[in-house]
Amino acid sequence: MSINSINLIYLASATLFMLGIKYLSSPSTAKRGNFLSMIGMGAAIGITLTTPGLHGFTLITIGIIIGTVIGGYAAIKVKMTSMPEMVALFNGCGGAASALVAMAEFRVLGTEFDSFTLITLLLSMIIGGLTFTGSLMAYAKLQGLISTRPITYPGQQLINGAILLATLALAVLLFQDPGNMLVFSGILILSLLLGVLAVIPIGGADMPVIICLLNSYSGLAVSMTGFALNNNALIITGSLVGASGIFLTKIMCDAMNRSLANVLFSAFGQVVESADDTGEGPAGTMKGFELEDVATILANAGTLIIVPGYGMAAAQAQHATRDLGDYLGEQGVEVRYAIHPVAGRMPGHMNVLLAEADVPYDQLFALEDINDDFASTDVVLVIGANDVVNPAAKDNPSSPIYGMPVLDVEKATTVIVLKRSMSVGFAGIDNELFYKDNTMMLFGDAKSSLQKLVAAMKQ
Amino acid sequence: MSINSINLIYLASATLFMLGIKYLSSPSTAKRGNFLSMIGMGAAIGITLTTPGLHGFTLITIGIIIGTVIGGYAAIKVKMTSMPEMVALFNGCGGAASALVAMAEFRVLGTEFDSFTLITLLLSMIIGGLTFTGSLMAYAKLQGLISTRPITYPGQQLINGAILLATLALAVLLFQDPGNMLVFSGILILSLLLGVLAVIPIGGADMPVIICLLNSYSGLAVSMTGFALNNNALIITGSLVGASGIFLTKIMCDAMNRSLANVLFSAFGQVVESADDTGEGPAGTMKGFELEDVATILANAGTLIIVPGYGMAAAQAQHATRDLGDYLGEQGVEVRYAIHPVAGRMPGHMNVLLAEADVPYDQLFALEDINDDFASTDVVLVIGANDVVNPAAKDNPSSPIYGMPVLDVEKATTVIVLKRSMSVGFAGIDNELFYKDNTMMLFGDAKSSLQKLVAAMKQ
Amino acid sequence: MKLAVLKEREEGENRVALIPDSIKRLSKKGFEILVETGAGNAAGYSDQEYEQCGATLVSSAQELTAQADCVVKVRPPSLQEAEALKNDSILIAIIQSTLRHELVSKLAEKQITSFGLDIIPRTSLAQSMDVLSSMSTISGYKAVLLAADTINRFFPMLMTAAGTIAPAKVLVLGAGVAGLMACATAKRLGGVVEAFDVRPEVKEQVKSVGARFIEVPISEDGSGSGGYAKEMSDEYKQKQAELISKHIAKSDVVIPTALIPGRKAPILISEEQVASMKPGSVIVDLAAEMGGNCALTQPGQTIIAHGVTIVGHSNLPSTMSFHASQMFSRNIEKFLLHLCDENGFKMNMEDEITRGSLVTKGGRVIHELTSKLMADSKI
Amino acid sequence: MKLAVLKEREEGENRVALIPDSIKRLSKKGFEILVETGAGNAAGYSDQEYEQCGATLVSSAQELTAQADCVVKVRPPSLQEAEALKNDSILIAIIQSTLRHELVSKLAEKQITSFGLDIIPRTSLAQSMDVLSSMSTISGYKAVLLAADTINRFFPMLMTAAGTIAPAKVLVLGAGVAGLMACATAKRLGGVVEAFDVRPEVKEQVKSVGARFIEVPISEDGSGSGGYAKEMSDEYKQKQAELISKHIAKSDVVIPTALIPGRKAPILISEEQVASMKPGSVIVDLAAEMGGNCALTQPGQTIIAHGVTIVGHSNLPSTMSFHASQMFSRNIEKFLLHLCDENGFKMNMEDEITRGSLVTKGGRVIHELTSKLMADSKI
Amino acid sequence: MDTGTIIIGLTIFVLACFAGAELIAKVPPTLHTPLMSGSNAISGIAIVGALLATGHSESINSVSLIGFLAVIFATINVVGGYTVTRRMLQMFKK
Amino acid sequence: MDTGTIIIGLTIFVLACFAGAELIAKVPPTLHTPLMSGSNAISGIAIVGALLATGHSESINSVSLIGFLAVIFATINVVGGYTVTRRMLQMFKK
């Protein structure tokens, strides 16, 4: 294929990638987006293979087969809950590939390159290498292979700074003496080290953000490779991923109420105070994600039962509750309310508040009328209720509330609980519902959580 | 300046344009956006003047001075209400400029051009010319210089089709015989004609959309010129404007509940049914804009008084009213409610409903307590009230309600009235408030209008 | 001009025609105000307050009326009270002129210019003087409270550990001012509220206070499009009656409010319909004073028939004497101000409201319906 | 097992211990149920309904108790009624054992196993049997209706052509079940509601029903951070008392609900404080049966003192007999079911609830506080 | 013009179109009118072409005269467009 | 590399950055995780470079071996990335 035709196809691929990302902006088109982006990738790979003068097809075939088997197997086997770590691993592979390509090109060019090419190649390698080891660290943290708590030691920042400086110094050396493999290898090793050191001081809670940032880096690395190879496909796609990744990182930081600078800086050695107390436990870990996840689940429910409790009353969240119910109702979700007889702090507490918010009587169901329906319900939203949804009343004969009829919320596919903490309700007893696999906790004042959820669903 | 430096500055300009448009996406940064885009334009013009081998600086200076004086004067003198027509005129100038540049280049190249350059030049000229006359027509329609009603005649579509074909035929001819000035001029004239014919069959109500579409066209013309001149600044900027314009057009159509295809098609000769009844009267004319305008005004108010009336009750819009009030309150707007003693259909009607929606008592003010404050209020939002805000009770001794105390809403800077039509209230009398200069009518059911307003303000 | 506020002497009447607040404003307009000692006591306004705002207290009613150029009252004066009025003076009160022919004759005889607050035209402009509106507001509110207090059930729905309480079903017949207020109040308390009225235009108003309007589903066959409203067929009317019967039988509380100006109230609830209701249900008949909308209503009394409590209170506003007096007083104040021009008191007989509310003047009965009815009854 | 439902004989008591709906479910569990003729009449449940759901009607109370293994009642039995009970049978009712020593002695003497519904432990588990909760719900609701019906003002704010009506200020003292319900109901009606309780943790609960909690603003000087709650200084207490006095004086309606289990109700409102209120204001004393929270309360009566109406109704739930009986019946039903195991009736004296609600058994007084008080009073 | 250059032009065109369309998608309805006007001003970039045409040759000929006209028109567009946009934005608080 | 080419590369870079940033700005929070994964898959485009490196010369030498490694890594990224994304999106209704 002529170089022009190849470039045209590359343009088409880039367009498909952009469309792919665009379609990912709505749940209804997201799958199509992923598909288009796959086509774009296929086209780019295919057309590259027709590059005039390309050799080594056996090697290429073997490489692709090995990669496909490993990648495909891992992707299919991974549990839904381990997705983020898997993404980290894949991303690390991308970074490694960029670094390797840069190294190969370095070897190809020998000593004959202008400084622009040298710089871009170096950047590609450094960023790629750092992404590789950084991603591996993120994976290890999320899998619990190394402590999820921030790992710190005295002089940490100094050491990181020193390594960065050393890398720079070696780069300058390389400029003087382009073909020097030793210096080159030194840079590679330092960049790999940098990836490790940059990620270990960060708490498990921040890992999703770091993965996202590393994803952006791997894009940057690709685009640097593109500059070096003067390949527009790599430039466009790389910068696309780089820019979108950095923005996504920022959006995630916003969701966690942290500044991007704070995370970026902490990513290079400073321990973030808040990381300390969110470091442990699965609930805390994914906090930044949860609001969105919860919104996704709610928006995609077919049937929803809302279980209000004293927390709804305490937060005076009845209007916000109705807003959420109404919005989902309009979206075609079947919304009902399950009112436990002792929810709240006075008989009829929930009724009084929901009537104030104008929730129609015919959406309210008493325990005995709705309890059998939980098993066939997609999502239960528990708003500040605790004792009235405590399964201990059924399974734990030693519980003080054993024998009290409770709402069988745990039988639903997913249970979402809005409350401020893990603390107990009126009866003062723990609630194992909160630890069940199908339960998602969304911490915070019920009213503000609800308002944020509605806002997130309306985008 | 070297061509490379110039191209770098062009890139910077393009970046500034993109940032400019980006910043226009929020009221708080919009001014900065406009400023950045001005800088970009200045840089582009300045660097162009340093192009090696550029002559004719006297002519250029004179041209710029003339243009500045005309453009500046017109822009400063135009009344706020005539902004859209002024934009149309300016846009027409842009189109004319593109067409002229294409003509000049055509003359420069003589007969020595490849088909790509020829095509792009021709497209630039045709689109530019069409934009020029089309914009003039839009201006004339909005200014009432020609009928705002759709102008139609038998065989209209046929004629338009014929002209389009003729243009194509001439273009083919030109391909055979590139230097032929006659054919060239023929194409120019046909394109000018096309602009006129395409716009006259469209009603005044659709003009804003047409202006936006023509704006997109002028961008396209510029980008075609860019291809012909192999000038990346023009390509980027032109396609930026072209693409954003076409999307903005689509968004506007959505707001009017029309499809883009419908408007595009109607723009080339088909009379749109709905245009018939919206053709006359200023209120009807700008309907598609009003929701956004109203939202803008509300969002930018410092002080707001909400005046509910029977229409709020009839629409059961009390919760939506509270939502709007709460939202604006959170945004720092001072929100109060003025309750007229006979608003509604029973004494205390408004109180009962607003209490249901949990509007705090201390935001409610009786007529005598708030009537003096209207004069110092930015915006009054009248929700389905009519008789109780009828100034006839003060000025018109022959009115059946003459002497009844009414709310002096017309003294506020802006009055926004939400109701379904111009029809009368309980007393059955016309209300001249609705025709005042500082009154904006937003037609529709109060509840849905309020919900849309809140949605628009939250974007 | 001397304005006298008489103490109400009718049994169970606690209101007062003017409260101190209004007197303060009227004094400023040039009225000299005399108040009978203790006039405001029952409504919660003390003599002291009256004195503080510039009124002169007079302990004898006789003395008061002898001086007064204008007397204001709540309820129609008794014949004795009327007799005591100064000849040629002005009387402003609820007069119920269509019912009280003897009183009207007496007023005419004494050349008294009498204004009936109950016949003020019901225009937007006059609404601030309209005691029917303000007192109906109170009646509608109070009717629901009475019903809720009388019935042996909850109004709101409650889901409690002791079972689910079904919300009370409330039916309001006649959706005028009182009816709408009753709907709104019952809704507030958590009841499930339905209303019916012969005027179809109130459907929207009923919905506007959160209640459901009872409508006869339009029969598909027959005339078809529109028009049926005018020539409401007997069949249609019968269907309507059946529908209402069904709703009455289902309701826990029925509040009829239908009045026809100047006439006896129409009977909307028959004895059979009462019997069809659940024992323990309640009817609060707001038309009691005009004979009642329920066939069994005993004006002024609460009875139990077929297990249903029928409240026939004939003066609900008086039970809310404080606010009722405040509103009444404001109405009278606005009416008096309407009778003034810039320079003070001066009746403009051309004015629609002034003329429309006139019962007697210069020895003649001005109010048309009254004089017609009086003529009829003499025959 | 034969279960007997006695008709209530106490003056003004309209409730019934079991309603047909519960009887249906209990019959299925194997209870054989006898009902005294006319037991449910006053609450709106006819003999016919009882028969339809499987109860046997017995016209003489004597005959009924003679057969019954277990008797259920609402109010504490009179001494005669207790005398008539079969020896060794079971009694389930409100017993007020801490007050009615003679009755308790009689029950013990007759070897009756008696359960006091009023002393069931107030745990989450027991809430479905807790008549104090369910009846307090009614009292709180009804207290507000009574107040609104009694007062000469509106509860809601209304801006009308006849002036602006200020909303009523309602003060609830004691925010237990009844107090919270009173807050919620008054808020619903449009009142401006404030509440106070000695337990600071109810502040949040008060807010949760839309009312304001009255708090002594923490004095900046002095101890400073935290801690003051435990060692509430006299100064602090005095400030609190002053604050409450201020709020009482401003309020149109005061609803005190403070009870101390097994004791006379504390006095929260002194005569002076009553006198400080506006004439026409209303106090509905929910503690009337226990002597009242207001010094002037006359249990069972409505009096007017210093122009303030003080309602001392001692049995508000009975005025809502239909729903009150429904709730009471549901409570008893759940209690009876709690006394059963899979195979039927079988008291498990190990159980916290069963044991906790026992007054007498096997000739002995089991309830500790009761036996302590009885011993004390004998001395 | 060689195909490589055209492809690069196309690449830039496609990217700019994406950027333009996506930038606009975020603009709230309240800003549509100023935005239309603002982007209209930007389309006055045709002035670059106009300048090049005017200054094409040393002498004044038909090309430079056409260019001159184009300069006037384009300047009107640029100056008028920005000024009107600024005036519209003045409506906004702060 | 000549400066003109570099500038064109830069132009494309800037435009793509804008397009990327703006495209992301519209993605609702609910889709952030799949999006991260989807764009990660796209960054596997490094495979193009890997292929070119592997096929650089006829014989197998250090460059082609490094390229081979790069192909494996990049393929893992591409295949794994798309598959995981698809699985995540399966969570969504329709």
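Letters are used for the chains, namely A, B, C, D, E and F, taken in the order the chains are written, and counting of residues starts over at 1 for each.
The rule is simple: a contact is a pair of C-beta atoms (placed from the backbone, for glycine too) under 8 Å apart; a residue touches a chain by one contact, two chains touch by 3 or more.
Please read these numbers as outputs of a predicted model, since none were measured by experiment.
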item: Between chain D and chain E, the fewest steps along chains that touch one another; value: 2
item: Length of the shortest touching-chain route, chain A through to chain D; value: 1
item: Neighbouring chains common to chain B and chain E, by label; value: A, F
item: Chain at maximum distance from chain C, centres defined as averaged CA atoms; value: F
item: Pair joined by more contacting C-beta pairs (A-F or B-D); value: A-F
item: Far-end chain from chain E, centres as C-alpha averages; value: D
item: Between chain F and chain B, distance of the C-alpha-averaged centres to the nearest whole Å; value: 40
item: Separation of mean Cα positions, chain C and chain B [Å, integer]; value: 55
item: Cα-centroid distance, chain D relative to chain F, in whole angstrom; value: 72
item: Numbers and ranges of chain D residues touching at least 2 other chains; value: 127-128, 133-134, 137, 156, 158, 160-163, 165, 185, 188, 190
item: Chain E residues counted as touching two or more neighbouring chains; value: 8, 11-12, 15-16, 18-19, 22-23, 25-26
item: Residues of chain B whose C-beta touches two or more other chains; value: 14, 18, 22, 232, 236, 341-342, 347-348, 352, 355-356
item: Topology of the chain contact graph, where touching chains are joined (line, ring, star, complete, other); value: other
item: Set of all touching chain pairs, with the criterion as stated earlier; value: A-B, A-C, A-D, A-E, A-F, B-C, B-D, B-E, B-F, C-D, E-F
item: Chain B residues within the chain E interface of the complex; value: 13-14, 17-18, 20-22, 24-28, 30-31, 33-34, 37-38, 40-41, 44-45, 48-49, 51, 54-57, 59-60, 62-64, 66-68, 70-72, 74-76, 78, 80, 83-84, 86-87, 89-91, 93-94, 96-98, 100-101, 103-105, 107-108, 114, 116-117, 208, 211-212, 215, 218-219, 221-223, 225-227, 229-248, 251-252, 255, 289, 291-293, 295-296, 299-300, 302, 456-457, 459
item: Interfacial residue positions of chain C with respect to chain D in the complex; value: 14, 43-44, 46, 127-128, 130-131, 133-134, 137-138, 141-142, 145-146, 148-149, 151-154, 156, 158, 160-163, 165, 185, 188-190, 278-280, 307, 319-324, 326-328, 330-331
item: Chain A residues within the chain E interface of the complex; value: 3-4, 7-8, 11, 14-15, 18, 22, 232, 236
item: Contacting residues of chain F [partner chain A, same complex]; value: 1, 5-6, 9, 12-13, 16-21, 23-58, 60, 62-64, 66-89, 91-94
item: Parts of chain F lying in touch with chain B, wherever the complex brings them together; value: 3-4, 7-8, 10-11, 14-15, 18, 22
